[in-house]
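Okay, structure first, notes after.
Letters are used for the chains, namely A, B, C and D, taken in the order the chains are written, and counting of residues starts over at 1 for each.
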Amino acid sequence: MSFTDEAWERTAHLRAAIDDCRFLRELGDGTLDPGVFRHYLEQDEIYLAGYGRALSLLASRAPDVASAAFWASSAHGAAVVETALHGDLLGSGALPPADGPAHASPTTLGYVSYLVATAATAPYPVAAAAVLPCFWVYADVARRLARSATAVLDAGADHPYARWVAAYDAEEFHTSVATARRLVDEAAEGLGDVRALHEAFATATRYEFLFWETALHREDWPSPLAAPAPA
Amino acid sequence: MSFTDEAWERTAHLRAAIDDCRFLRELGDGTLDPGVFRHYLEQDEIYLAGYGRALSLLASRAPDVASAAFWASSAHGAAVVETALHGDLLGSGALPPADGPAHASPTTLGYVSYLVATAATAPYPVAAAAVLPCFWVYADVARRLARSATAVLDAGADHPYARWVAAYDAEEFHTSVATARRLVDEAAEGLGDVRALHEAFATATRYEFLFWETALHREDWPSPLAAPAPA
Amino acid sequence: MSFTDEAWERTAHLRAAIDDCRFLRELGDGTLDPGVFRHYLEQDEIYLAGYGRALSLLASRAPDVASAAFWASSAHGAAVVETALHGDLLGSGALPPADGPAHASPTTLGYVSYLVATAATAPYPVAAAAVLPCFWVYADVARRLARSATAVLDAGADHPYARWVAAYDAEEFHTSVATARRLVDEAAEGLGDVRALHEAFATATRYEFLFWETALHREDWPSPLAAPAPA
Amino acid sequence: MSFTDEAWERTAHLRAAIDDCRFLRELGDGTLDPGVFRHYLEQDEIYLAGYGRALSLLASRAPDVASAAFWASSAHGAAVVETALHGDLLGSGALPPADGPAHASPTTLGYVSYLVATAATAPYPVAAAAVLPCFWVYADVARRLARSATAVLDAGADHPYARWVAAYDAEEFHTSVATARRLVDEAAEGLGDVRALHEAFATATRYEFLFWETALHREDWPSPLAAPAPA
């Protein structure tokens, strides 16, 4: 069995939790609070900026030019998604206005820092395994929603939730997932010990689950960065 | 006012929370559950390994040889603390045995990843501001405990809590804090805009607070990395 | 005057040397030894692999998502040039076969290492200034050759030298140069001291000159890496 | 045979060239032009600043805390050598005054950039192999000179050449070499393919040879960075 097939199997319990999470169920049936979806998009915007950094670091350390080209192109893609899809959805008028400037939640800061730190200091195969779930889990979720989320999809292609599903179920995105998987499998090949790769893949998959879970509850820090203003 | 003086003032509410946190109060009066202290040391060991990486990255990007030498020496020091102080305390027989292999809590993984990611990708002055609270807050807490924690200190220099206080109140550690502050102030000098430095300093200070807070409650992940074994 | 305008002026003597170098004069009038051109392409292939790494590191440290996206896209572009233009030219049959596996000349290894090292450890504005000459000098040379190299261009669009000129005089490449200049000027803005940026720009421009100069003479190392095989 | 034993054997021809180079022969018999030795120390000062960066990057990516501690401590050591030994020798009055501000020669810039670039982007075992020759070749040369350079050593322990020999033949430095070798051998263990490690080791060894060779001839760039001032 390939490394990625095995990593996928080993994280089945985390994907079951993802499939079952209220955020995605409500997104699929169209009942998700638009304020929650805006909060999610704001967190995702912060995430994608850091994810792009992680992919660029990975590109800088890739073993060959073709792998480097794929990760660099994906880094560019992360920025494009942010400015295109997010700008589009946030500016569409279908979502409530922002509460104020967004700041990273504990889970967002933890996830994105974990990926950048791993891409900066862990061996390339471990770093490649860490960035894979963001590709794969999104494509997997979007594919499933494209089949099941009839309520939202029937509401019209303009509905922000429908556009989100369409973006991540795009054929081109599934092709990227296949390439990312192949590069991770190539990196894993010939390694005697892939435990660190499995740990990185599972850690990132768990963060994927927590990202939706904490977006739903608008997770915040127990203490603000700045002291509360005097009344 | 120097940058670090201002950063210290701006985070007074976080330090008040630190001074008031149960972990430190109980450590000071000797009532802290030894199992909690062991858990804290295990998390700190994971933390120090990553903190050393962050300091080494900072050293690699320092503006001059003297600054690079200080950060590199501190990276070496982080490893020495881990193997000396921790090995000493964990192996002293005064603490209960380990429950099993330690894994990073959400806060530990978030904090250490944040420092490594910042040291790898943020401008040098921001990265220097991010690593400073770990020096300064520890020295500050230890100095205060050295005065107030009479219960623990009277119990004898061999008590693990007394040794912990002594290690971080050592004169040599206070000298390191002064050097780290000076390097951060030098890096901040001449910058028109120090908002990112303040944010980094406050973010790390908040993580310092959360580190003790979550150690006390033995914070864990809502989902394990591996599926639970069948009963 | 913008930083890049001034950096361009300050390196006029290096560009005069470039314009006057025999490699480019002979490329323009079609008399360049095809074996030399193959050697140059082999060195450029090694260079572009490293240049892509430098651009990816720069992307990982860019101050905002739009800048990161440009450098990441350029890193992808460096790989595409290598596999497309180079593969095309080297495989065209118009050039003599390879002598054996290519290895980096002292100048190629020095230049590409300088860019990667600078992108990894110098402040972002310095690193951005270091990668700029490769964009700008190539576009400048190609534009001038597109006007003057009538001998080669009249020989037909299939001539490898004509294709090389066309690739770097493409409108899309000139647009990239303009964006790269803008990003460097934005990074230089507000810095009190831009001496390190000027030094990086001039160092890379000098390497550009030496790259052609040493390709012409097929520069090699005074000592091989491996001991000479016994006769 | 261990990786480092084999790497040492494979580079015997480069070490023969080092042993035979005029710089070291003249240093050993005390006839080396003091102006050349000053030029060498100036280049070495530039080199050590970058070497420290490379060692810090290596520390940030080391597989365990003990290895990280060694590289970080060596990074600190590189800075100490620079400020202590160099300051001492350059300020001793035994060498002629500086000609003006020093700038990196092509070989110095190439070598130090190669090490930093390798430590930033190559796999850890390759980067560890690249920094090893600077430890090992220096200790080897100093040990041999300590035995053969009677002319210089008899001139008294204050002679700058004698102090240089003593510094690198110190027992503590030989211990560092042994540790560095052990870490490289551990990193090489279990790798199926060590070709990239051999190439890195040989490339750095060749740069060691060229460093002395080009110091002797005060190698300079064919074109200055700045335009010559008008007469």
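We adopt the following convention: contacts are C-beta pairs under 8 Å (C-beta built on N, C-alpha and C of every residue); 3 or more make two chains touch, one makes a residue touch a chain.
Fair warning: this is a prediction, and the values are worked out from it, not measured in the lab.
**Student:** Find the chain most remote from chain D, comparing centres computed as mean CA coordinates.
**Tutor:** That would be chain A.
**Student:** If I rank C-D and A-D by number of C-beta contact pairs, which comes first?
**Tutor:** Ranking C-D and A-D by C-beta contacts puts C-D first.
**Student:** Give me the rotation angle that lays the C-alpha atoms of chain A onto its copy chain B, rounded to the nearest 5 degrees.
**Tutor:** 180
**Student:** When the C-alpha atoms of chain C and chain D are each averaged to a single point, how far apart are the two points in Å?
**Tutor:** So the centroids are 30 Å from each other.
**Student:** Counting only Cα atoms for the centres, state how far chain B is from chain D in Å.
**Tutor:** Going by mean C-alpha positions, chain B sits 36 Å from chain D.
**Student:** Would you mind pulling out the distance in Å between where the CA atoms of chain A average out and where those of chain D do?
**Tutor:** Centres of chain A and chain D (C-alpha means) sit 45 Å apart.
**Student:** Residue numbers in chain A touching 2 or more other chains?
**Tutor:** Each of 53, 57, 60-61, 116, 120-121 in chain A touches at least two other chains.
**Student:** For the complex, give me every residue of chain C touching chain A.
**Tutor:** Those residues of chain C that touch chain A are 48-49, 52-57, 59-61, 65-66, 68-69, 71-73, 75-76, 79-80, 82-83, 116, 119.
**Student:** Under the definition above, what is the set of chain B residues touching chain C in their complex?
**Tutor:** 60-61, 120-124, 190, 192
**Student:** Provide the residue numbers of chain C that touch chain D in the complex, in ascending order.
**Tutor:** Listed in rising order, the residues of chain C that touch chain D are 10, 12-14, 17, 50, 53, 57, 106-107, 109-110, 112-114, 116-118, 120-121, 199, 202-203, 206, 209-210, 213, 221-223, 225-228.
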